[in-house]
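Inspection log for the structure reproduced underneath, given as structure tokens.
A, B, C and D are the chain letters, set down in written order, and residue numbers restart from 1 in every chain.
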Amino acid sequence: MVKVSVIGATGYAGAELMRLLVSHKEVNIVHAVSKSFAGKQLSAVYPSFLSSDYLLEEMDIGIIAKDSDIVFTCLPHGASASVVPALLEGGARVIDLSGDFRYRDAKVYETWYKQTHTAQEWLGKSVYGMPEIYREHIAATALVGNPGCYTTCGILALYPLLKNGVIEPKGIIIDAKSGASGAGRSEKLANAFCEVNESVKAYGVGTHRHTSEIEQELTFAANDTVVVSFTPHLLPIKRGIISTIYATPKDGIVETDIKEAYTMYKDEPFVQVFDGALPEIKHVTGSNNCAIGYVLDKRAGCLVIVSCLDNLIKGAAGQAVQNMNILCGFDETEGLNLTGWYL
Amino acid sequence: MVKVSVIGATGYAGAELMRLLVSHKEVNIVHAVSKSFAGKQLSAVYPSFLSSDYLLEEMDIGIIAKDSDIVFTCLPHGASASVVPALLEGGARVIDLSGDFRYRDAKVYETWYKQTHTAQEWLGKSVYGMPEIYREHIAATALVGNPGCYTTCGILALYPLLKNGVIEPKGIIIDAKSGASGAGRSEKLANAFCEVNESVKAYGVGTHRHTSEIEQELTFAANDTVVVSFTPHLLPIKRGIISTIYATPKDGIVETDIKEAYTMYKDEPFVQVFDGALPEIKHVTGSNNCAIGYVLDKRAGCLVIVSCLDNLIKGAAGQAVQNMNILCGFDETEGLNLTGWYL
Amino acid sequence: MVKVSVIGATGYAGAELMRLLVSHKEVNIVHAVSKSFAGKQLSAVYPSFLSSDYLLEEMDIGIIAKDSDIVFTCLPHGASASVVPALLEGGARVIDLSGDFRYRDAKVYETWYKQTHTAQEWLGKSVYGMPEIYREHIAATALVGNPGCYTTCGILALYPLLKNGVIEPKGIIIDAKSGASGAGRSEKLANAFCEVNESVKAYGVGTHRHTSEIEQELTFAANDTVVVSFTPHLLPIKRGIISTIYATPKDGIVETDIKEAYTMYKDEPFVQVFDGALPEIKHVTGSNNCAIGYVLDKRAGCLVIVSCLDNLIKGAAGQAVQNMNILCGFDETEGLNLTGWYL
Amino acid sequence: MVKVSVIGATGYAGAELMRLLVSHKEVNIVHAVSKSFAGKQLSAVYPSFLSSDYLLEEMDIGIIAKDSDIVFTCLPHGASASVVPALLEGGARVIDLSGDFRYRDAKVYETWYKQTHTAQEWLGKSVYGMPEIYREHIAATALVGNPGCYTTCGILALYPLLKNGVIEPKGIIIDAKSGASGAGRSEKLANAFCEVNESVKAYGVGTHRHTSEIEQELTFAANDTVVVSFTPHLLPIKRGIISTIYATPKDGIVETDIKEAYTMYKDEPFVQVFDGALPEIKHVTGSNNCAIGYVLDKRAGCLVIVSCLDNLIKGAAGQAVQNMNILCGFDETEGLNLTGWYL
């Protein structure tokens, strides 16, 4: 049994992580930390945990590092950078769900997050936690920068196409739509039910931080600078992301080339490439799957790719557990064999 | 490993049952039957099953009975009565999710369902599948009449109070609200998104079939005729039921008497009695739990009880798995240790 | 043209009132007051007002009273009591949408609102603004206490039945369900989309303030003390209330007696009594209508009444406009001839 | 008073048209035709019409043509083509809400609708009913082809930019998301609440008929062949469309060029160009407005335009009324001065 702790256990991603961990056979949760609710039971915040409850604690980095093999940090960006080094130095391995350890270049982080990175010395040692690309590096690291939700959805859809030179690296457009849990558990008016239901909005056009994370990985894939136009939208649903992606196929590309490129995922447990159909959010909700489909619109000279995932699972907590499984040498699907809910 | 078959695997309850069974450690699914989709893969109907797929078959009762230890019948009422006897005679044990085997008195069934019962000889042998009341009988039977969704929610809330004489058996009112999956997977206009969203309606007032099922069990509990006023409502949500129940406390009853009555559930794995709080649907969605809370309104002389469950799990497929666990001697919580989703 | 002002124009009820007033032919809006957004345009808060915009102002009671024939106060309870007297003394007539001027007895207010009433001298002069009951008094008053949303829905359903002695005054149960706009425009976590959608909860059981308002009016109707058990629920919809009401018919009462009692509304423009059918929320959303239907369940000895209204219109802003029409001698339906949206 | 008839009054667009017409001061509705519900009252289908009811009739083209100045045909494509000629020959002017009279070239229609056009002789006489482009032609015609919902949303956003040469005519991408009422009132499983809520899907990628309608008008605007990549999505909302549009700005284009292009709408009553902000669906729901905003993402070399409208109003019934107002010489905003609901 591996001893794990969760720092930030009562945000939406943290609570989802707790939900996955309590049914993971190889895990013993030793500390569940919540700044806002320390001293209460987790079930006092989320009554759904009544039958699998934990006492929420204050954050004591020294104790947590000492007691834990793996620590998940589910903190706002910036806050993670301020505690992760001490956890690592204390001997724990860390899977960080913020944006703080996803970048190779601190300047990119500082440009998009508009703040100084306070733990730059760790950027070179952290591994970007996307198992489909970096599985072997993840297995060998002490620090995983767990990818963002939009970014996972976008990168998994585009990586094989750029890697295999099937699409042009220029002019890629990602029109992404996310459920409201992506905005976290907060009291903002913009997230109130009456402001969200029966409406949809675009936001952060041209400025959303996940753009830079997507570009970093796609640039590696293409071995050429990739600049994407990324537009996120807020949907009146609780969970799930659907990204509709527009790319220009290279000259002479036909459907079998695309299909061939996606064979990169043929042994992946959590990427489903649909054959001649498009995924919908309800096909993946509740699972750790990212489902991908595509239409080659020859008339318009455009390849349209649709990818879906559950932002709290493959887009956050599920991928974090997948990374833990890799770090610990468990079966990568342990605790993640989740058939989607559909309903 | 027990060999199980599901007849009616592509309705909402049947598909939910498939979802639970694929992650049940003691079960081998030998036949998944669908009249509408025989010959297709389950994932062609529900793409969420892509990673845990089954071929859908035509119904061949003889083969199913021969191959299966347990058969779940998820058919419309009437249709179940026409196939269950042959399954039993063929040697299988049956858990029926329709209303056909829930009644002790065929006349009650015929009055409320407005049709002749074609397998009356089996009513005396079937056991009402509510483990909290009939666990020992379930363990010993070959035929379980798995309870309805509204009925489970209502009976679990009221049974201990009537059994312990805490409330009057007269004048009980159950105001129940259900998500749209309770209406099944059908093409009715009344279930269309535009007709359901941003609205709520009452339906079947005074005539809903579950009334009779509730009254049957509560009459046993009270050892006195119980007649309830039961009003179901359609909610713009996918899953979940909340029942708000109004009863008259007997003279002199105080809160501790109510609390004491509910200690009937103190060892139950799937009934949660809230202490000084009321459950909400999101507290139980995704789990096999029924959560119960109450307020004794002394001013109005009224006990208000709120009970919630997931209509597809504790109200259908989850309870069916719980019954199978009892029938087969498995740990009753096997495959049902599901922390609710909350989100 | 009548000169009107709205104090509190940017809450949900205030904004809905502005929406109705801008298309009212007899009205000139002279001041739109918002504490939070003074100095901005209304369209900066609600872009839906781009084509019918107003400058939001600070509250200056003296100027408002002087400039206005009618002032609508859409303020929290307590806040209304602190400004309404000055408006009245300044010569304006006031329609107050808070709970502050709905009660005849300050003690009832103070018991249920748990605060001192600071303008008790005006309670005797205010008229309860339910036109179906107090039309003539409203026409002659300077101060209208505009009824609450739940209360309008409950009182309109029950008043004729109690007035005509068709039901027992004891044991009335009101199970009410409301859209989230009823909670106002606020940043509470409990109103966040992810906390509200796909769930329903009961709240304020036995303690909701509207109970006392309902009891006040129904006691007048029955000429006997009426105590109701009132349970509100939060629905995952934006607007609309459905109340399911349970009452005991008096001995010998038959359906025609109930129908006869409801003829009280036969000339009412905004009360629709359904004949042999039950209203749904979508039948009234967007209109000033309260729709009422009923089922006499003889088997259970229970009369089930269902009433629906749009909480922001007949439950707040629409009823306020109706009261203004009466105060000013306009056609009572002016500005309120709104066919419901359905969609 | 103008005498109007509505053929197809009980579909979602037809019912919305009836709702708008009953409050239009210059209109007398002489026939409301419904094939499915002839002989019933409109309120029997939509109880929201209880206070503004009409008898639904069988379709008798001769009588309708004779009795009506204006006939609105809200029929499926193909069905319109089969009745509109007779209405015109009978002396009525016709506003057709189907796709049958929107095209100049029957071949384009036949390619995209995959059926023969049976009234091709009228295509040359019909006018495309987008007032912002064809106001003068509409005023002079007897037959208006009322535009589609997606098309109105897309064309209004792009027309000024192409007309003014601000963007490249190549590579335009329209990612459109619509509420479920766009699919009409039908019993399809795909429109069931449980299939739509908490999910989003793309459909008709590269093949949706509205593509051809958009391209026809944008080609006129650009005076150059415009081919767009158009992807519609189904949203879990009742009404409203948001289109996120991606275009390449021509070399040297700056924000003021875009602003300047949009001054084309400066006197338009129903097009709102947001200055430095983006519209959301809730800003326009319930109104006849199309709201447009944009972000020039210089980094990515992409102009992102967001346009929103209510698919049943500016996208169907409202625009039809606007066209009627023009045909009849009424104030163009008569009956359409609708402040959006927001809630």
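By definition in this document, a residue touches a chain if its C-beta (ideal position, glycine included) is under 8 Å from a C-beta of that chain, and two chains touch if they have at least 3 such contacts.
This structure is a prediction, so every number in the text was calculated from the model and none was measured.
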Farthest chain (mean CA position) relative to chain B: D
Matching chain pair for A-D (criterion: over half of the contact pairs shared, by residue number), options B-C, A-C or C-D: B-C
Interface with more contacting C-beta pairs, comparing B-C to A-B: B-C
Rounded Å distance, chain B centre to chain D centre (Cα mean): 46
Whole-Å separation of chain centres (CA-atom averages), chain B against chain C: 39
Centre distance in Å when chain A and chain B are each reduced to the mean of their C-alpha atoms: 36
For chain A, residues contacting two or more additional chains: 12, 179, 181, 194-195, 197-198, 236-239, 280, 282, 285, 343
Residues of chain C touching chain A in the complex: 12, 179-181, 185-189, 191-198, 236-238
Chain A residues within the chain D interface of the complex: 171, 173, 175, 177, 179, 194-195, 197-203, 205-206, 227-229, 231, 233, 235-240, 242, 244, 246, 248, 278, 280-282, 285, 295, 297, 299-302, 304, 306, 343
Residues of chain B defined as touching chain A within the complex: 12, 15-16, 19, 22-23, 46-52, 181, 197-198, 238-239, 269, 272, 274, 277, 279-280, 282-287, 289, 291, 312, 337-343
